[in-house]
Amino acid sequence: MTETCSVASKLPRGTQSFVRRVPAVRLLRTALALLSLLGQADCRRDADDAGGGFPRGETFYVAGWQWGEPASFNPLLSNPDWPVSTMNFVYETLLMYDSITGKMVPLLAESYATHAESVEVTLNPAARWNDGKPVTAWDVAYTFELGKRYKSLNIAPIWQYLKAVRALNEAGKEVPVELNATEGYPRRVVFELNAEKKNPLVVLDALQAQRIIPRHVIEPMLAAHGGNLDDFDKLKFDKDAVSSGPYKLFSYSSEKIAVVRDDNYWGNQALHGGKRPTVKFVVHPIYKSNDHFSIALQQGRLDASSTFVPRIWLKAKKGVQSWLSKEPFFLSSAMPMLIVNHKRAPLTNVHMRRAMAFAINYKDIRELAVSGYSEPLKPGLILPFGLEQKYFSDADTQKYGTWFDPERAKAELKAGGYTPRFGADGELLETLDESGRKVPTVFVKSPTGWSDWESIVRISVKSMRAVGIDARERFVDASLFWNALFEGDFDLIMNTPSSAPSPSKPWSRFEILMTTQDFAPLGDKMYKNMGRFNDPKAPGYIPRIDELLTRIPSMTDEGELLAAYHELNVIFMQLQPDLPLVYRPDAFYEFSAKHWSNMPSAANPYLPPLTPGDRLGTNMLWAIEPVTH
Amino acid sequence: MLNQYPTLKHILGRAGWYFVTFLVAVTINFFLPRLGDANPVDTMMAKVSAGLDTASAKEKEESYLKEFGLVELDPSGHVQRDAQGKPVRTTLASQFANYVGMSLRGDLGSSILQHPKRVSEIIKAALPWTLALQLPTIVFGWLLGNVLGALAAYKRGVFDQLMYPMALLASAIPAFCFGILLVYVFGIRLEWFPAVGGYDDGLSPALSRQFIASASYYYVLPFLSVFLIVVGGQAIGMRSMCIYELGTDYVKYAKLLGVKESKILFYMFRNAMLPQLTGLALALGTMVGGALITEMIFSYPGLGMAVLTAIQGNDYPLITGCTLLVTVTVLIANFSVDILVGILDPRIRAAQRTGK
Amino acid sequence: MKLFTSLLRTPSFVLGFGLFFATLLFALLGPLFVHVDVSTRVGLAFTPPSRAHWLGTDHLGVDMVSLLIAGLRSSLYVGFLAGTVATFVGTLIGLYGGYKGGLIDDVLTVGTNLFLVIPSLIVLILLSSSIENGRSLTLIALIIGCTTWTWSARAVRAQSSSLRGRDHVSLARINGYGTLGIVLLHIMPYLLSYIFMVFILQTATGILSEASISMLGLGPYDSISLGKILNEAIRNEALTDGAWWAFAPAMVLITVIVFALYIINTSLEGVFNPRLRK
Amino acid sequence: MPSEPSPLADQPLKFEAKNLSRSFGHGKKLVEAVKNVSFGIASRDIISIVGQSGCGKTVLAKMLLRLETPSSGTLSFNGKPIGNERDAREHWRSVQAVFQDPFSAFNQFFTIRSQLKSSFKLFKRKPEEEEMEARVDAALMAVNIKPKEVEGKYPFELSGGQMQRMLLARIFILRPQVLIADEPTSMVDACSRANILDYLMKLKQELDMTIVFVTHDIGLACYISDSIFIMHEGEIVEQGPPAQVTGSPSSAVTRQLLDDIPDVHRPWIKRGALD
């Protein structure tokens, strides 16, 4: 408590006298004192910093990753809380993908190489766990092999594509696992590809997504739980977890999570030239709605956020910035779209799908729903900018693509045998099919409360109705939404499939929408191709799509690859299995320069637009400088 | 047997009715959230299933279903399956039996959304904030409202003509509108007070002067947003009660007899106050409901938000836990006021004795 | 007639009724003067007020005046429907329990208290979030009506039980009227003015409740209401961007309607009560 | 007078109460409004129940009318225990009442005529519309009111005396065997009072009705009764023909009641009320 007093004296004078003067405040203070006594039990961890608080000059406030109360930091959970989930603060990936250059940046791994039958990774010899033990190839192999043993782990699906993960020493020999080895441990990891499903792309994706866990700690713990993962999952890992990252969990409550710098981080020497991060604490406040993050950002309470901040140009006056200082402000990599259910009429009809694609006013969506944060949408599934641009063919899109064109939409409807009937006030009454029967209303599902998606859906529905397609919004509880998506309980449904930039783009975007693997009827869950496109058991199955999807990952010849992508994209445009609507960033990145300078931006592009801790964005923590007022 | 102790008998009688109310409320608490066809495990699955293949997702789903008692288990603890191999879901009735059993043991179960956190843990962390925001607001607002209402009724004239429409207006403004207005004007435009949160992001709850100062500063807007409305509503009620009392024979008679004005005022205030006590109990009852919107507008920590997210995510154990807590609080508040009014009000005291 | 003239001489009634009538006119006749179009985009998100669009646009670039008219109509509809349902249910239960007394009254009172004890907002949220399909305006109004009737039941019960010992009720009984006949013909008429006041308050409650649940994002998704306009404005950061026109007019409308209804109620109380408080 | 026979005439009559009690509340402050009362009314006389306010006479009357249920004891009418009949209307066909306050006895929201007509609800077979109208007219004539006078009028548009006669007109329509008149004269002026008493006599003589006359005025009771019950604190303390009760009162209560009769020949101050 001694620290408390010294910190209290640092309180601004105004505040102190304010407290002293007002009797009501004094009463309140007593009440609050009692209150925090009540809260004591829960704030055990918070009590560690003895109420001293986080000094502004050494603290970075980030948001956009944690929306509910933190529950667990267990790295084996599929969805642990920030900073463990998808962050490099505590546990680290082998490599980090740079979405601007398309290169992999070393982290735990010093280098990697792709061979015909395998992918090989060499670990940084300096990589250490915070208990001083080295990060070994055994750790890497163990992390991946857990996925073979426990099918519910996120890493499990990779084993479709892997034959084995082997830990080799310099000499290329396997050495027996020794949990406490500090020397002579293996540093080479060989990922042997499954010859039948050769796909180095998914392995590369995993190398930059999977966080490595310490075998010497986890293995005995798991054994102590009898190997029962469900039991193990109950461990919270909220105290003194062994990890390799530059930060450690400091405190957490329902209002915020904080991490603190680990001054003994191995990478300070090995990767950052002996420098330690300039930021001591990174705090993630948990607010209750999206707009509160915007308020906090423009008031300088947040330093960076990964939330959707509409009309950022209005907030620029208050110091909120994004990657670009003018339109479109952000770099896009994802494609929110309407997934189409191919098992429900009238969506089975390609003319109907193309009519929809011609009907939707993409400009309104871009300008109103996403504040104009992207380039105008072009047809197809390949991004016409950035790293994917090389696979994009303008000629193809001109020839086969669909654009906003109500007249062509009406023509497609006619071609499909559909006749819309409008009322006297111009409102669509119903759509009739060839035989004069009413076409069932197409409902567009989206979760309630997701404001940008809601706007997108409203505009889409409005423009579809305008040309004569009987569509309606159907906003459902988020809890009902996901189930509907996977079980195919929808006509059209909002989704942003496979959004994160990764080495496997754009292949993985095509794959998640069009693969026929694990094809399941409506009612059963499908986590890919939720629209049940191209049913292999149904007439009209196009085996060519699966063939292309299987072959692309192992193609090495650029010309061959280009041709394959062109073909795939043309198929997509012709059949329009789904309806892409707009481009948007995978993760938004806004920042305020009020307290920290040298944040990456288009003008200072030393890192891609990512918040600190998020993949390569981690490196920002060494580069930014506190603003001295 | 208890006839010699009418007050005790009255209390026991009321307690009996409250207990019945409680039982029914508990049942409603259980069944109401389960009316919809949403399944909380689907929500969990949505969070965890990204990237899982179908087979492993199914396995994971079953382990969750098992944990939350949503599937029937055979004696050896394995999931029972129907002819198609799908797990057999438990009936609502057996879930209810399970819930009652657990509640009796004081076990509220673990949350689904914040798995594996215990419901009691979550409530314990959130409740103090809600109480700290709502309790003083309601109690002080009630007191001030009553004093103002009584004054307006007694003084009439300009004071009443000014106060009464203001109070009416205050009670007509929906709490959330007022809250939004406060955030907009004082939080965002003028930046006099923080717009978001319960205390400075750089602090943690502790018994330090710094924290308390910060929490008090953050308290101002949420407090005002509820306080003024409570004052308005209570003042109106008290004013009309007092005007009614002023017109009664005993006040006229006392005036004729020349009883001291302060004494008349005291009696009048006491008599008018009693019905207002019931209003206080009801206000305490709507505490968590009211807290919900306030907490949402100000991102203020507390139970209301926990309830809302739980409801949106179909987190049954948390919903049931929270509503159980609310029900118990309201019942206790109403019960105490019932008893208190019975003890304070001579008219009701007499009625208790005659049993009518 | 005498009642009406004495009401017209009450300034607060004139004010309340005037305000209410004005909003009603705005909702009903607005479309005659303004082209109401809640789907066409007429500008960018949150365009400030201009000559063509007096109150600017919302986050989808739709004319705010149109939205307000449409929203006001829905809010009034919800208010009246919920008010009617709540008054109907509450009055029926209150009248019956108050007249019957005894065990039936006890049971009804416990039932009423039960609904009073479980916060109606929570019940509302639970119900409206558990209904997946068609959380329509009408359904929301019905749900509100079915959860807010409690206090009118309590109020009416007290009045009704004070009437049950009256001679005309005894006469009706020995005239062979059944319970329903007595309650409807011989008790309810005496409470009509009271029930009307209850109805006014229930309508106000209905409007407020709809706004509250819409604020929480559980509003109707088939129509625009004032609460939904507010909710959309807040969620789309009208506050942060200083777009007061997107939320302030809706707030003013809600407040004005509720305020007007409250004043009408209190002025009616002033006129009716001398008779009620015999 | 209408010449058709009363629908309920010529039945044997027997009103019997055994150990009848009615109490309210419980515990320490149990109020026993009627205590252990037993009597039998077998003749077609006018019987008066006399007592001060709060003596329980109205509660007793209400029990006879089946508007209150006894707490203990039995009350039977024509051999059938009251309250056990399948149809309560059965009882009200035979036993009817006029109330103290004519203003509050009628519903303010319906016309007098329609309320009189609603009495036909009690009839086993409801007469034709025309017959009902005719009977209402006849009943009005019987109490000396021209039907035209009250056409379309509401209760509050008539005077107290007229209203009380309306209550009696009801009785002329229903023609019960027993009429329970609960202080029918206390709220009207002296002139109307005599009038009403005359009608009660007329009912007795013409329709052969048994009348239970509840009053606090022992003088009035003497004037019309064949028999008088004196009630005090829920008990019947004395009963007998008027001459016997007033001539040689056996209880102090009766004497007190007799003393309370205003006497124009005796200055009230002499009675020592202010001593």
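Note that the chains take the letters A, B, C and D in the order they are written out, and that residue 1 is the start of every chain.
One rule holds in what follows: a residue touches a chain if its C-beta (ideal position, glycine included) is under 8 Å from a C-beta of that chain, and two chains touch if they have at least 3 such contacts.
Every value quoted in this text rests on a predicted model; they were computed, and no experiment measured them.
The chain pair with the larger count of C-beta pairs in contact, out of A-C and C-D, is A-C. Comparing each chain's Cα centroid with the centroid of every protein Cα atom identifies chain B as the most central. For this pair, chain A with chain D, the centres built from the Cα atoms lie 88 Å apart. For this pair, chain A with chain C, the centres built from the Cα atoms lie 45 Å apart. Between the Cα centres of chain B and chain D there is a gap of 55 Å.
Chain C and chain D have centres, each the mean of its CA atoms, that are 48 Å apart. Counting only residues that touch two or more partner chains, chain B has 38, 188, 296, 312. For chain A, residues touching at least two other chains, in rising order: 289, 295, 449, 477, 480.
Annotation for chain C: residues 129, 132, 234, 239-240, 242 touch two or more other chains. Across the complex, chain A is touched by residues 39, 41, 44-46, 59-61, 129, 132-133, 217-218, 221, 232, 234-237, 239-242 of chain C. Against chain A, in their complex, chain B makes its touches with residues 38-40, 42-43, 45-60, 63, 67, 111, 113-117, 121-122, 124-129, 131-132, 136, 187-188, 191, 195-217, 219, 295-296, 299, 301, 305-306, 309, 312-314.
Those residues of chain B that touch chain C in the shared complex are 17, 20-21, 24-25, 28-29, 32-38, 165, 168-169, 171-174, 176-177, 180-181, 183-184, 188-189, 236, 240, 244, 282, 285-286, 288-290, 292-293, 296-297, 307-308, 311-312, 319, 323, 326-327, 330-331, 334. Across the complex, chain B is touched by residues 4, 7-8, 10-11, 15-16, 18-19, 25, 27-29, 31-33, 35-39, 41-43, 46-47, 49-56, 59, 61, 68-69, 71-72, 77-79, 151-154, 156-157, 160, 230, 233-234, 251, 253-256, 283, 285, 287-289, 292, 295-296, 299, 301, 449, 477-483, 485-486, 518, 520, 524-527 of chain A. Residues 62, 65-67, 88-89, 92, 96-97, 99-101, 104-110, 118-119, 121-122 of chain D are the ones touching chain C in the complex.
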